[in-house]
Amino acid sequence: MKQNLDIKVKHLTRVEGHGNIVVNMNSGKLEKAQLEIVEAPRYFEAMLKGRSFHEAAIITSRICGICSLGHQITSLKATENALGLEVSNQTILLRKLLIHGALIQSNILHAYFLAAPDFLNAGSVFPLINTHPDVVVRALRMKRLANDIGDIISGRAVHPITPVPGGFTKIPSEADLIEIKRRLIEEALPDVNATVETMQALAGAIPNFTRETEYISLKNDNDYAMYDGKISSTDTGLYPDSEYLKITNEFIVPHSSSKHAKNNRSSYMVGALARFNNNHDKLLPEAALAAAALGLVAPNYNPYMNTIAQVVEVAHAVYDSINIIDTLLNDGLKNEKPNQSPTKYGTGISVTEVPRGILFHEYSYDRQGRITAANCIIPTGQNLANIDDDMKKLVPEIIDEATEEIIHKLEMLVRAYDPCISCSVHIVDVEFVE
Amino acid sequence: MNGYYLSQENVKDFISHLMKKKTVYAPHAKADHSFVFEEVVDADNVILDYVRTLNSIKKYFMPSREVMLRYNLDDNSYSIEDVEPVKGIFLGVHSYDMQAVLRLDHSFSHGNPEKNYLTRRLDNIFIGTSFTPDNFHFSSSVNIQPHKTEGFDLFMHKTDRGYVLEEVTKTGSDLMKGFDQLTKFHGEYPNSEHFKSHLYAPQEKLSKVFEESYDNPVWHEIAQKCVGCGTCNLACPTCYCFDVEDHVDLSLQSGSRERRLDSCMLRGFTEVAGGEVFRDRLADRIRHRVYRKFKYISDSAGEPWCVGCGRCTIYCTAGISIVDIVNRLVSDYDKKQIVQDSDMIAAWD
Amino acid sequence: MIKTVNIKPENFKELYFPTLAEITEVQQFTEKEKWYKLSLLDGSNLGHYPGQFVEVSIFGAGEAPISITSAPNSYGSFELCIREVGMFTEMIHKMKAGDKLGIRGPFGQGFDVNELYGKDILIIGGGIGIVPLRSLINYILDHRQDYGRLIITYGARNSKDLLFPEELELWQSNPDVEFHQTVDYGDESWKGNVGVITTLIPPLDLDLKNTIACITGPPIMYKFVLLTLQSKGLQDDNIYMSLERRMKCGVGKCGHCQINHSYVCQDGPVYHYPDLKLIREAI
Amino acid sequence: MKSKPRVAVFDFTGCEGCELNKLNFENHLLDILDHIDIVEWREAMDDQVAEYDIAFVEGSISTPDCVERIFDIRNRTKVLIALGACAVNGGMNAMKNKQSLDTVREIVYGEDKDLFPTLPALPLSSYVTVDYEVHGCPMTQKEFLQLLTSILAGKKPVKPDYAVCVECKLDENECVYGKGMICMGPITRAGCDALCPSFGQYCIGCRGLVPHPNKEAMINILIENGLSIDDAEKRMDLYNSNEKDVVLI
């Protein structure tokens, strides 16, 4: 058995943001196996403090270009809770549709462009354009449709425009929704099936590794919870959103400019696999079939399967988007103005599932509607301790493989979490209290 | 020429009648509280009782963006874009916007008659509607009453219960054929409305006022407030300055030359290669704009090139009013005249 | 009531359609200035007057106004001299013989050669201002008997910036031309005058009644040249000058070159000075 | 056929939204790849190379490590293009420049603040020569493609030097001031086709200021429309903390 190992992967590629993988084994003792976060901080404290409630979501959307819609919706909900702004059912449905669009976009980007090259031993998606042109074109088509949902409903998929506190600045037309629905049915449904087939073919490359951990996500009685619900832990049960700090218990570690989190164990996992483990019974039937076809059975303890859970969620999101559009069209679109008349000024908390997992925003406002305190806890930060724990279990299991293969499996592991380091670091400095 | 009563209930049928003849363009609601001219698809959506549209009907004859040329970079071949004639019926046009079109006609037919504008401009039918002036209209000060029929083929004078429809040209009369839900009108057509905003000098005097106003401090004062955004020009129905830009397509083989409305309020408007800007001071640009409305073209064409629609003022985020500027110039001019007169009297004494 | 002309479709002009021209010769004068000889591909003659300009077109990049430097004598071809001042001219500078450009024009009012008939002509060219003046100079040389004295004053920043070096020598040696040149900054290789262009004017012995000054140069030059000519006693009536502005469409529509009521692309670029005095922003 | 230019993509302090926008060129990505070779792009691929023809750089410079890297990139590339507000003028990051950097770091990292050195958030052009800029937060695909096609075709890229108001008027948008919104359009550089006002939202000024802006007049407009002086300056600073150019009145 190998006694010494020294790995340092600087600026891990195909993830959002800057991180290093560092593994150090000395005389058979694993001294280090961790993901170092070296992203440059941006000091959002300076940006948010004293800003009006109109601006909170505009600014927090800029925490991360990849997760901008998720931050924006979560921020809006927190502001609405703090100011007592009621939103209409139409607003909620449109937001849910946007969340689906963002999830499809993000999960497809990850599965096809960032993770799939690993399964095919390619360094990026670009060589696949020649070797697998139909797959690449399909991935682009799915991403385009998902982004178009964002562009049409929110003005822009990255840093959306129309969602504001209390509603939307512009309501899409019925014709827009009918066209999206047509494309979902004609393009996305066949593409989802094809995606499942492609992933079936690639699944053999997924390492056989398991480590049971605590899985945390939203949960509610009505649907595969994304927009709202209670915080659910596989270890400790359900919590109202007001108790999110009891779950996250953030702590600082020396090797990361992003804080870590833990609840019942030394770490927990959030994201697609956590959602699947918690809410698999709420998947639409078509998505449940996809899960079965991909061999994803709850509970699943293999973190590499997170990518597969993402694909299952894409199927769910596509079918559910069609349902949402049907409901909107049946109810008839109303040209509602956003409700921006606060009924109180205080603290508001919101919890939303975004592609990478559960996201918390909390704001306090003064009587002028200005931010006095804010806190955001994002999925990747919550996953970091779990990634380190996975690495500590994985390295001894594969220690006798070639170093390149070890590096490859470690990189794949980190990528499987689809980490968004941009978020994790930029968010750390949002927390401030007056 | 005949006149008819057109009751409010019959307006929709009248529009439908027009739609059978040609494409009809008329005011529609846009966003929260604005109006725009659009092609009529459903007569129900036409709003004839409106304050003013965001842009004037200029946009149909001189689109805000227009491809002039397409080219192939590989072989340097190129072709001119065919200009499609509009040939429509413009319904519900206010007199000041009609007058603006007549001014543009002058600008595009004098010197070098421009094919692009004139091709679109020919063979259209104009149906006017009177309007109730708001705080920003001042067209009566530039000889454009809300009932001025010049340029129109038909004119709809608003009354309590609908409209009095006046036939202005033979084209207008012909357009009425086949529409019989009308009773003859024999009275006098209404001809004036009450305006709240006025220029206190006719063009003949303004021409003199502007001769004396080049160094008036008002230009510098307004420049303190102005952000130079160009809105006043771009909203103006008689402004037609443009810029031209080339674009290359993603193929890298083809591209297009596009013209776009421009504004003399923008700093880059006079910039030449090498960086020199000939009206670098905001005050100079403001002066140039206002002189273009009341002096430079007007001296030769005989009419102010401002039609009193109020757009430049109502859409100015800095709250700058062309009426206030002109009246200030007039009042400064009058004061100067009094001083000169009294100096002369003093000299005689 | 607004006066409109009677407009008929057959009178409509296609104003923005360029004609293709081929570069037949290129010569580099200085680091920044190149001379080009072009022919219109349709074989037609440009048909210009001295002082006029064309709109040069590169597809994908746009158009720019460029003075014509050749005299209207070379049938089938014309010449431009182009200074590199930005991306557009940089692209032209990369072109070589055989490359093609779009041409619209000629546009504007040049020097009125009929007005100048029989007069002594005083050419005052500063820097690149010599480019359009060269067209006039060569026109006069082509019709030498129709004009009186031809006095050329030409100034450049330094000896390396002097344009048309071969022609300068020809003018210098031509007994029919009174040629004076100067540079702002001298160096070892330069044996001639040093000083700004206005220093060339006072020593000139002029028949003030019969001399017409034709001036082209950078905007800053005009004020000083005019003062010098006035102190010399030359009447405003005897002065013509060419202005630089942003002539974009060339046909009096787009508005970019407008100075007060005047469209430089139509009424200029060459103006009679008494007219120019009425245009406040001009100088 | 000419060899394709070698293109690299880098990111500094920012949200990576502009990079993501490039991955969002679904309809054009394959066309683009006909004309260029992407040789290095950490967010999308493993490869790293020594030299490139064109480097696209996102994000602002805010740590000593950033400074070192941007000089290195400049040395390796022929053409350097700043992508998005952060790279062009510092973007939102620059708001921290208004506070003491020590205070900012202490708020965030407490005792450990010295572990995370920070500099004022500055545009790339504060350190190296930038050949072209694509404005916006995020940059728009249209402008990026126009710039890229212009460069590839050897033509001059067009960059608007006028305000967003121009595009609103050309598109015949209703002015959002009329709805009680407070918009930065009058002084913000155009090029986005007035996207936000077209969707009923006010312009937040993400594209930086027009050249030679009349800032004083703009602050007056903000105040006239109901902001306090403090809020007006905050609104100006959202994207423009580093903008200093002034107007000739």
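Lettered A, B, C and D in written order, each chain numbered from 1.
Definition applied: a contact is a pair of C-beta atoms (placed from the backbone, for glycine too) under 8 Å apart; a residue touches a chain by one contact, two chains touch by 3 or more.
Keep in mind that what you see is a predicted model, and the values were worked out from it rather than measured.
*Asks:* Listed by label, which chains are in contact with chain A and with chain D?
*Replies:* Touching chain A and chain D alike: no chains returned.
*Asks:* Report the most central chain, judged by the distance from each chain's C-alpha mean to the global C-alpha mean.
*Replies:* D
*Asks:* When B-D is set beside C-D, which has more C-beta pairs in contact?
*Replies:* Pair with more contacting C-beta pairs, B-D versus C-D: B-D.
*Asks:* From the C-alpha centres, identify the chain that is farthest from chain B.
*Replies:* Relative to chain B, the chain whose C-alpha centre sits farthest away is A.
*Asks:* With chain centres taken as the means of their Cα atoms, state the distance from chain B to chain D in Å.
*Replies:* From the centre of chain B to the centre of chain D is 37 Å.
*Asks:* From the C-alpha centre of chain A to that of chain C, how far is it in Å?
*Replies:* 66
*Asks:* So what's the Cα centroid distance for chain C and chain D, whole Å?
*Replies:* 42
*Asks:* Please work out the Cα centroid separation of chain A and chain B, and write it as a whole number of Å.
*Replies:* 52
*Asks:* Can you list every residue of chain D that touches 2 or more other chains, as numbers and ranges?
*Replies:* 150, 153, 155, 200
*Asks:* Two or more other chains touching the same residue: where does that happen in chain B?
*Replies:* 73, 245-248, 255 - these are the residues of chain B that touch more than one other chain.
*Asks:* Which category does the touching pattern between chains fall into here: line, ring, star, complete, or other?
*Replies:* other
*Asks:* With touch defined as at the top, which chains are paired up in contact here?
*Replies:* Chains touch in the following pairs: A-D, B-C, B-D, C-D.
*Asks:* Give every residue of chain A touching chain D within the complex, in rising order.
*Replies:* Spelled out, the residues of chain A in touch with chain D are 11, 13-17, 40-43, 45-47, 50-52, 55, 58-59, 62-66, 68, 105, 109, 113-114, 117, 123-126, 129, 136-137, 140-141, 143-144, 147, 154-159, 161-162, 164, 168-170, 252, 257, 422, 426, 428-429, 432.
*Asks:* Quick check on the complex: what are the chain B residues that touch chain C?
*Replies:* 68-69, 71, 73, 76, 78, 80, 99, 102-103, 105-116, 118-119, 122, 150, 214, 240-248, 255, 257, 262, 264, 269-274, 276, 278-279, 284, 288, 291-292, 295-297, 299-303
*Asks:* Provide the residue numbers of chain B that touch chain D in the complex, in ascending order.
*Replies:* My answer: residues 30-34, 36, 54-55, 59, 64-65, 73, 220, 223-231, 234-235, 245-252, 255, 260-261, 263, 266-268, 280-283, 315, 317-319.
*Asks:* Using the touch definition up top, name the residues of chain C that touch chain B in the complex.
*Replies:* By the definition above, chain C touches chain B via 1-5, 7, 9, 11-18, 20, 58-64, 85-86, 88-89, 100, 102, 219, 244-246, 248-249, 251-256, 258-261, 266, 280-281.
*Asks:* Spell out the part of chain D that touches chain B in their complex, as residue ranges.
*Replies:* On the chain D side, the touching residues are 28, 31-32, 35, 145-146, 149-150, 152-153, 155, 158, 161-163, 165-166, 169-175, 177-179, 183, 185-187, 200, 210-214, 216-218, 220-221, 224, 247-249.
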